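One structure below.
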Amino acid sequence: MRVQNVDYGVLSPAWAGSQTAALCSDAAFCQAMLEVERAWCHVLAEEGLIPTDHLAAIAAAAKVELYDLGKIAADAVGGGNPLIPLLKAYRDKVAEANPAAAASIHIGATSQDIIDTALMLVISRAGSAVLTTVKAAAVALITLAHEHRDTPMVARSLTQHSLPATFGWRVSHWLQALAQAGQHLEETLKQTALQWGGAAGTRASLQDFLVRSGSTSSTDELAAKLADRLGLQNPLPWQANRIPILNQANVFAQLAAACGKIANDVLISVRSENGELGEPLAEGRGVSSAMPHKQNPVLSVLIKNGALAAPQLLAQVYTGAVANVEERADGGWHTEWEALRGLIRTTGAAVEKTHELVSGLRVFPEWMADNLARHGELLATERMVAHLAPRLEESGHVGIGQGKKQLQELISRSLTDSTPLKPLLLAELPAGLITEEELTNLLDPSAYAGDATKIVDDLTSTYTDWSHT
Amino acid sequence: MRVQNVDYGVLSPAWAGSQTAALCSDAAFCQAMLEVERAWCHVLAEEGLIPTDHLAAIAAAAKVELYDLGKIAADAVGGGNPLIPLLKAYRDKVAEANPAAAASIHIGATSQDIIDTALMLVISRAGSAVLTTVKAAAVALITLAHEHRDTPMVARSLTQHSLPATFGWRVSHWLQALAQAGQHLEETLKQTALQWGGAAGTRASLQDFLVRSGSTSSTDELAAKLADRLGLQNPLPWQANRIPILNQANVFAQLAAACGKIANDVLISVRSENGELGEPLAEGRGVSSAMPHKQNPVLSVLIKNGALAAPQLLAQVYTGAVANVEERADGGWHTEWEALRGLIRTTGAAVEKTHELVSGLRVFPEWMADNLARHGELLATERMVAHLAPRLEESGHVGIGQGKKQLQELISRSLTDSTPLKPLLLAELPAGLITEEELTNLLDPSAYAGDATKIVDDLTSTYTDWSHT
Amino acid sequence: MRVQNVDYGVLSPAWAGSQTAALCSDAAFCQAMLEVERAWCHVLAEEGLIPTDHLAAIAAAAKVELYDLGKIAADAVGGGNPLIPLLKAYRDKVAEANPAAAASIHIGATSQDIIDTALMLVISRAGSAVLTTVKAAAVALITLAHEHRDTPMVARSLTQHSLPATFGWRVSHWLQALAQAGQHLEETLKQTALQWGGAAGTRASLQDFLVRSGSTSSTDELAAKLADRLGLQNPLPWQANRIPILNQANVFAQLAAACGKIANDVLISVRSENGELGEPLAEGRGVSSAMPHKQNPVLSVLIKNGALAAPQLLAQVYTGAVANVEERADGGWHTEWEALRGLIRTTGAAVEKTHELVSGLRVFPEWMADNLARHGELLATERMVAHLAPRLEESGHVGIGQGKKQLQELISRSLTDSTPLKPLLLAELPAGLITEEELTNLLDPSAYAGDATKIVDDLTSTYTDWSHT
Amino acid sequence: MRVQNVDYGVLSPAWAGSQTAALCSDAAFCQAMLEVERAWCHVLAEEGLIPTDHLAAIAAAAKVELYDLGKIAADAVGGGNPLIPLLKAYRDKVAEANPAAAASIHIGATSQDIIDTALMLVISRAGSAVLTTVKAAAVALITLAHEHRDTPMVARSLTQHSLPATFGWRVSHWLQALAQAGQHLEETLKQTALQWGGAAGTRASLQDFLVRSGSTSSTDELAAKLADRLGLQNPLPWQANRIPILNQANVFAQLAAACGKIANDVLISVRSENGELGEPLAEGRGVSSAMPHKQNPVLSVLIKNGALAAPQLLAQVYTGAVANVEERADGGWHTEWEALRGLIRTTGAAVEKTHELVSGLRVFPEWMADNLARHGELLATERMVAHLAPRLEESGHVGIGQGKKQLQELISRSLTDSTPLKPLLLAELPAGLITEEELTNLLDPSAYAGDATKIVDDLTSTYTDWSHT
């Protein structure tokens, strides 16, 4: 077995083996570059600007598996970009089949046109697959939210129990974040765009070629045909404007954050002491032969890993763009490539894992109930105080504004003395202020989930149609 | 003069003294928190849920200048957020005027509601001002692009002269980037949103309050009225979903990158050796008494400073969001605040400086012409080769595919021997292949700017209407 | 109360009100700049190069409280750095008292000398205070580790229970990380360095001044005296070399990471379901009147906040340095300032909070014991298998290499059927393979903590002397 | 040709094909993991704890080329780390040759021991090679600095000409930064450390194994032997303390910044308008067939690319460490790997390119002289004012403190009216104040380079010995 000086993803289980990794691999990117070159030849041939019989050789050679990508990568150092050696190899391959056809390739184009456009193709393809997975995950989340719409669970704030809610309610917020990020992705994918400007971005060479060829087409018209053929938008040349790249990058980082939140929640919930959730079981995943009681939450661990990496990958893309200067940057542009691919790859893989995670999440309502019961009636003291403080004041037992204070002192005494709160209140509050039954109801956490289930209904219905498109 | 333990911006000339800094200062943020509290009281009073005569005291106390922000900041450490001490101080202030009114404040709300909503208000206000400045800068850029639509200038790629273009063409790309980022800002500003969920986000306390009060309004209806009053959108509660914050943050970093590109270009152009541009002169700016020949490009230096800082500030916001967990994060949420404000402040100030920069940019066409002439006819050899290589091949003087090679050897000889290219070509090319006049035209850089001026027209017209709205 | 356009730290409870914030405030930095200017005058006066009677006015004016820092900050925009307006104000103040003395200030110096040196002074002063706090925290950790050297606690890996250990053992690793980072700080603080090079870094102006003055001292000798007076090292000028700044910045980010780890552990342990730790109680900290059962771990939340922010602040300093160019960078240098101060401030405050946290941490051994017991004898199956697998194979009951597999099947059956493991093993294993007593011992988690207590002893003794210096 | 879903570096010319990339490739890392496993078996065999005749099979299988790294990477997802599938494959391979030997592998160890230790081995090996290259680059810089010790060149500040200096002086600051970062690397490489703690870090399994085996060795003694065999330090287990990793990461980012500064300077200097430097020429590098006048500074472009990426890679390592929790983090640890390797790889490749760059840099003293002459005598007005202002005041022609102002007005008039400064001064200054010869000398830039050449001598001698070790 030949060991190449390449990355297999050994250090990156966050994305190794993922579908997204394949869709934005070096091979996928080189294939995209070849497709841009080939599509341009088709446009020119359709216009009668190059001989149609060149196309057979041009198309036949536009297959990435024909090229030694290790050599392309190493040779890219000479000119600072991979298109230069790939184009040379492509021309040589075409010339083998049809020597004249080699001259029909790359007319009026420049490295940046091919690289930026190929990056956009990769974004479009990998992004579309990611979007499909986001929607599938959203569907799973909607199902999960509905199923546990009424499953009682305590909400937590700053690690502490705050108020009663339901598990479906928490899930509906997972959905809200993931779907919002997914909708942002959907919007930006519609803006993946051709870059076509020639050496400096002025289309001088192309225009001159059209004049020489006696063509009546404009450079714009040809660019529009190329964009159409590639399934991309056709804005004016943007080689010196990196906003289109930044705008695409952003949404992936948003998705990573949405997935990371879900993983964070799962990672708390699978702890032995919490026990509310379990990751889906899969053969060979997360088990430890030495420690049979362990069920490592590997999906969540790797999703979290991806989410932690994403902000810096985004910042790397931005830092590259910030170093943009003149008509082609002296290092900034180059910095965008690896980081952008890294961001898409890491995020897409996190989305895939999130889909698997939420589709098979094991939910343990009894643990949720047990945990919710830990602080018992204390969870609803907010309500009790809201009800009784005004009565205390109105009844004249305490001064205006003193009701709340008085009740809090009783709560504190209950906590300090480990005295149950209800009997204490019944004993200490003025007779007739409240009946025992009323107090029992007031202190019942399960009746204090507010709009939780309504929010489940509203959030799931908000995203149901979208997630099924 | 009292020296407080505060930041005046001494270490941050990138934003010190800017309009944006004022719009997102600690005072502006605290004012926004007070306004959220006050507006909520107005909503409740309109609904008859609190006494209308409480509003006078409530409104009178909602003025940030009444509070010791240094103390608020220090006391925020106790509960981990600034709303807690500010709310206490606010209640005390209200109680001084009307003791009963203090109980009408913050009903059903939680710290996160106020803080997230106030952040959105700050984004909305500072962002709107930034957008206005972006548009003003765009107008200035359109004017500049028109003025120099035909001013010849060499385009540069990887620091090197590439092809002829015009200065207006370069400016039109500045415009393209800034306007695109500005349009993204405009879109996201429409999505600034109220967060209103109560302690855990379930609206339990508010719902209970409505029941107690015998109100027929729903929590949603009240939230909608509050959002309307604050000029914000009214989505479902999103306390556990940080995508709305990330989405706002993104666009500021895009703007910073767009400004940074302009500054980078200016910083090259104001060099003594380049000389193509000068920053607008202003009393006391950029001068050095020790070195009178220096005219430091201070605007661009500080814009670049801001642009360099922005990616990390964005990554900081994202990292906070990635640490989001459960219903209120244990540190992640808190990490968003300072970074988000820092990002808005730095970016807004960069936009202000960019506006000033491009509005008064001094352009030196004669330096542009001199620099363009440095490589003379070499700039157009791409075109010459494109024209002559096929003729050479068709004429049978060289084999198929050899024309380009032959011409490049002549160009190389011209470079190596410092021989002028035109006479060399005339001497070495087969007689009759080309006339001297034709060759002169082919090698004339000024006639090889492609679509440059058309791109100026197209880009400026694309953004003209928008920038004037 | 005047509301200035300044930061009080309202958005930054991670550092607001901290000692470190005061030590690296705008005022502290401006004071440091004034001290550098003053100290240089003292050096020159000692050399007889300026009149000694100028020093009174020069020293009297070198007090930051005499200056309007808001104005300094705003005016810094004109020249791009704060020294320019401060120096002007300083000269004016000196001239008020002694007109001739103003000319004795800043001789041969440049803005960068003062700013870089003042930053180093701030690093030195704030850093020294931070180091003192680190050592105090280390002392507290040693005490805590000793106290809980033998307190049983389960170790966790990937959120799951792994093997038995002790709480003191975990604490000893907190110590290890914090002390290592502290030792790195101690080393780098010894390298805080004067920058003294004059306008371009060549010391031309100073050298010329010495010649004019007929001085026999070298520029090096004077710089050495200045460094000595300021308590800094005196390397050759390094204005164009930012490694000294990066090297200082690094150690703060390390400290933040060490503190963040402690906070992360505490934030898991204070959860209601875990219960192993409690933050130190303090009046008004972390309590919620609405939710009396909550005890928000505010110290840890804010430490985590600081730790999350630190990597990006470090990256911001680095990004500034990466943009370094020629003899003074056009924006890169400026980017270092705010980020460096932010990093020191955030980190120092995190260290302060960590000190408070570990000094008063409430430890609940009974919760630790309960949690440890959750998986009971399963925690020690690794040992049981290690002991019995070879016996099974040697006894011929299973083939070579099959012992482990056989035992794991029994463990799995125990888990699946919820059958206690020990009786199952006794029933299923070949008679005579092991006695019940022996098996009980093998499965006792409390006897399987390995070197845990030895590691406590070794780690605490490693850092005891250092932490008391 | 099989196209695998792997990275060849097509998107990363910053490091593709570099020596460092090979030294920290997936293969190199997997080889390091195998070596750790093998070395541990050797230690155990030497102690008589496993049969010596197992070693042949164990050593024979410890060759990375025997394994399918693509499969290892994909399978790593199951357990969240690559050691698990590699260990399984390793055991299978050993068992093929010697079934009993498989049980002798990995005794008492855990994934983290192998992964952390293998990372340290990779750091040690790649880092040592990088250090060698740093020293070679330092030697080249010393030569370059000596050669151009006296080559006049203008120093620049904020893009503007500041004062005269020499090119060797600038180079000596390149050296200063690179050598300081290199010395930091040298120091930290001495601290690359074994991690050896077993499943939770308590060494329980190993200790139990020693007891069972009747060994009298301590776990410490065995760890020390392993560390010694691997050429690493042997601290106490540090699995829960990431400072050792952060400390290694830091120095690479410092090196990247030092290289980036050099590249930035070159990228300015190779511009057509500046012309002071040229990159070393190499066959096929940096040339453009379409634009023959271009000589793209590809080395510097790719060094800058690497330098721009490094801060975010460092921040990614730190962010991973900040997410550290308990005894093995749930995603934070995993985030360190890819980023750390990325940082080493990017930096090492930048150092290699910097070595090549500075070893063959083409220097054009005549362009330096031309550029220096652009502002002529204005460059030395600082000195002129310093000399003449006191004379003017002492002579009574102007009041105290007015001399400088008067002279600056004359300079301004010279600039405004484009009047040569010297005749203007001679005409306007009081007769007898200065002779023409004296004034000529005062305004001669070439005599105003201060300590520039002395600094060259001092800096080069400071690092000469070190760079030759």
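In order of appearance the chains are A, B, C and D, and numbering begins at 1 in each one.
Keep in mind that, in the parts below, a contact is a pair of C-beta atoms (placed from the backbone, for glycine too) under 8 Å apart; a residue touches a chain by one contact, two chains touch by 3 or more.
Just so it is clear, the model here is predicted, and its values are computed rather than measured.
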Both-way neighbours, i.e. chains that touch chain C and touch chain B: A, D
Selected interface, A-D versus B-D, where C-beta contact pairs are more numerous: A-D
Distance from the mean Cα position of chain D to that of chain C, given in whole angstrom: 23
Chain A-chain D separation of Cα centroids, rounded to whole Å: 32
Numbers and ranges of chain C residues touching at least 2 other chains: 80, 156-159, 162-163, 199, 205, 267-268, 290-291, 296-298, 301, 307-308, 311-312, 315-316, 319, 323, 330, 382
Chain contact topology (line, ring, star, complete or other): complete
Touching residues (chain side chain D, partner chain B) in the complex: 156-163, 267-268, 270-275, 289-298, 301, 311-312, 315, 319, 323, 371, 374-375, 378-379, 381-382, 385, 404, 408, 411-412, 415
Residue ranges of chain B touching chain C (in the complex, touch as defined): 1-14, 16-17, 21-22, 25-27, 29-30, 64-70, 72-74, 76-82, 199, 205, 263, 267, 282, 284-287, 290-291, 296-298, 300-305, 307-309, 311-313, 315-316, 319-320, 323, 330-332, 334-335, 337-339, 341
Chain A-touching residues of chain B, taken from the complex the two chains share: 80, 95, 99-100, 102-103, 155-159, 162-165, 169-170, 173, 176-177, 180-181, 184, 198-209, 212, 219, 236-244, 246-247, 250, 253-254, 256-258, 260-261, 264-265, 268, 307-308, 310-312, 314-316, 318-319, 321-330, 382-383, 386-387, 400-401, 448-452, 455, 458-459, 462
